[in-house]
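By letter and in written order, the chains are A, B, C and D; residue numbering begins at 1 in each of them.
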Amino acid sequence: MTTDRLETFADGVFAIAATLLILDVALPADLDDSLGTALLHIWPQYVAYAISFATIGIIWVNHHVVLQQVERADRAFLFLNLGLLLAVAFIPFPTRVLAEFVRTSDGRAAALLYGFTMLAMSATFLSVWLYASAGRRLIRPDADPSAISGITRSFLPGLPMYAAATLVAFVSPEASAALFGLLALFYVVSSALLGRGAPVGDRPSP
Amino acid sequence: MTTDRLETFADGVFAIAATLLILDVALPADLDDSLGTALLHIWPQYVAYAISFATIGIIWVNHHVVLQQVERADRAFLFLNLGLLLAVAFIPFPTRVLAEFVRTSDGRAAALLYGFTMLAMSATFLSVWLYASAGRRLIRPDADPSAISGITRSFLPGLPMYAAATLVAFVSPEASAALFGLLALFYVVSSALLGRGAPVGDRPSP
Amino acid sequence: MTTDRLETFADGVFAIAATLLILDVALPADLDDSLGTALLHIWPQYVAYAISFATIGIIWVNHHVVLQQVERADRAFLFLNLGLLLAVAFIPFPTRVLAEFVRTSDGRAAALLYGFTMLAMSATFLSVWLYASAGRRLIRPDADPSAISGITRSFLPGLPMYAAATLVAFVSPEASAALFGLLALFYVVSSALLGRGAPVGDRPSP
Amino acid sequence: MTTDRLETFADGVFAIAATLLILDVALPADLDDSLGTALLHIWPQYVAYAISFATIGIIWVNHHVVLQQVERADRAFLFLNLGLLLAVAFIPFPTRVLAEFVRTSDGRAAALLYGFTMLAMSATFLSVWLYASAGRRLIRPDADPSAISGITRSFLPGLPMYAAATLVAFVSPEASAALFGLLALFYVVSSALLGRGAPVGDRPSP
């Protein structure tokens, strides 16, 4: 199967980027309080860790869904995927910045950085899918047309939703950060409920 | 096989989380003693490294055993697995905190943090298994019912045992940490002795 | 297939080296400015991250193209690949140094370090290919001779181009760094345009 | 194939441990000299990086050779492999310590730490092989007996050679470090020359 090694490489980047997030969960260098107080005080780091981990997990599931419909990869497709991976591997940096600064007077810049990264991720992922699906360029011949259009439809809200959550940073960085979390939570819950029973990782039998 | 890419991703997270543990084994920034003394003095870091590495290794073996019985993954199953991976990838943080603080007056908070992480790991793993096995939802048709109930039985003691070891932290953080180590050691030894000769990673032939 | 495990290991190193690059994108320890100003000020780190990520991605694609033509691996081939991986896994260090020093009076040393690493990468990659292809030592019997000579031709400009970009560091470190970026950009764009439609990751059918 | 997932996990740990080594190549926090001088001054870090990378690469090749002869894994075999991986994943720590301290008055402790780690690695690897090969417990039925005894013979010098190099630390830490490097170099060169042409990663056809 022609997309095998792309999947291996992408899964590696997804797994590493998600697991590296824990390196940014850390106590301050000097503990002013008891350890217990300090561990509670850094709760935004736990939330940021969970949101970014879930977001990368969602991208992984969606990448899986997309590649099920793709029969082969050409070089342009590989490099568009590299663009997506470059954006995904960047996520630990804005995550760390957001967790550290969201509750400070610098919160707006931190939320904007996180939002721009999510927009870059959404845009590169959209480019991966549009390149593969335009004119069914790389799509399996036996792929169900309604599955193809269904994926396109499910991709469209991503960019405007992340753009909206990013714009909210000008009003309130905390609200913007909460929206990033709600977007991830909403996706996980709705996808898990809707997808209950629907096979994933299985090519539909013809 | 429909759970292939889940296995690849999960194995990636397990391998990375285990290997990242070494980044938290470090000498203090300023050496007051000779290097030899300092290397001996940080022994709790070696022990914590070994316990957490073994624990992640056990989770990896068990995840393997579970997925052998699972025929296919739906989206809810994927997201429950993401919950488990999120807990496993978190383990380096409480490991570092426990190694640094277990012998200080802040030992209790450190042991509680470690215990809560283990409880979260146990609970998410249990949810993965119960979702897959309830009514044999995702189980292979030819799976042996006694193997299914055997896995369920082997999972049940995990939560109460980790809960007990966590509660011990209120009496003695050192005893609590020792129990976490004994739990891992007990599992490895008993599993290795019991499982000697029993094939793993092999689907039972029908 | 005999090169399977080599591919898995190499893909792992490529994915990890690329994803680790984000650990070197960091704010200064003490923020003198607002967060927004500081985030803009560290733009060389973003550029260095993107160039090195793209470079490793290109190596990954090329390694893929090479191994498609290779039927089997002997030990010498494995160790030559280890030499390539050693050079690739080294890339995060010169990337970090270049991003930090390119705009200082130490820029020349930073650009030379980056250039020497790229030269070592090109030389080890060339040795991998020449060992496999000399006398068709490890090449698949059904491999197209024009594909083999095409790969050899595409490899030859790498060393002199990186050597030239490295030498430019004696005149201007910034120009040298820009050339490293242009080399990566040029390769991605030309390869993606030329390769559009040409299957990758697929063994040519006989 | 029953050892598939063990190979994936082990290859992940090998690739990550090798690639993490670059995180310990770093400039001092305060540069007293020019960057060029500082980059030359840290040459022991480059050497330590290369030696440990090559050592992990050798372990990867050997693990590959061993698993080719193994038909199936039982739980004891999995946990013995976990012991090996625990030792391999530990290598970045003594590498960093050796590079930092080998030229100081603390060199002996640093060389001893490195040597003990190599001894632990050799001992766990030996246990993996002896458990699998004793009475051909896990060996493929069609495995060539001379291949089995050849692997056993090639394993035996490892422990005494590393023990000797470790003991040399009491006389001269630098000599001990040089021996660790020579052991890796000798193995790579001899193995590559001897193995030239001999297929690796291929099960012998029956």
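In this section, a contact is a pair of C-beta atoms (placed from the backbone, for glycine too) under 8 Å apart; a residue touches a chain by one contact, two chains touch by 3 or more.
Bear in mind that the values here come from a model prediction, so they are computed numbers and not experimental data.
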Next item on the list: Spell out the chains that contact subunit B while also contacting subunit C.
Entry: A, D
Next item on the list: Report, in degrees rounded to the nearest 5, the angle of the rotation taking subunit B onto subunit D when the C-alpha atoms are fitted.
Entry: 90
Note to self: I want to confirm something about subunit A and subunit C. Since they are copies of the same sequence, is their interface symmetric in residue numbering (over half shared, so same) or not (under half, so different)?
What the structure shows: different
Next item on the list: Look at all chain centres (mean of CA atoms) and spot the one farthest from the centre of subunit D.
Entry: A
Notebook entry, point to check: What whole-number Å value describes the gap between the mean CA coordinates of subunit C and subunit D?
Noted result: 26
Next item on the list: Can you check how far apart subunit A and subunit D are, centre to centre, with Cα atoms defining each centre and the answer in Å?
Entry: 36
Next item on the list: Could you check subunit C for residues that touch two or more other chains and list them?
Entry: 8, 12, 16, 20, 23
Notebook entry, point to check: Which word fits how the chains touch one another: line, ring, star, complete or other?
Noted result: ring
Next item on the list: Any two chains that touch count here, so list every such pair.
Entry: A-B, A-C, B-D, C-D
Notebook entry, point to check: Any idea which subunit D residues touch subunit C in the complex?
Noted result: 7-8, 11-12, 14-16, 18-23, 25-27, 34-36, 39, 49-50, 53-54, 57, 60-61, 64, 188, 191-202
Checklist line | Complex contact set, residues of subunit D against subunit B | finding: 2-6, 8-9, 12-13, 16-17, 20, 23, 72-76, 78-80, 82, 85-86, 89-90, 92-93, 97, 101, 104, 106, 108-110, 112-113
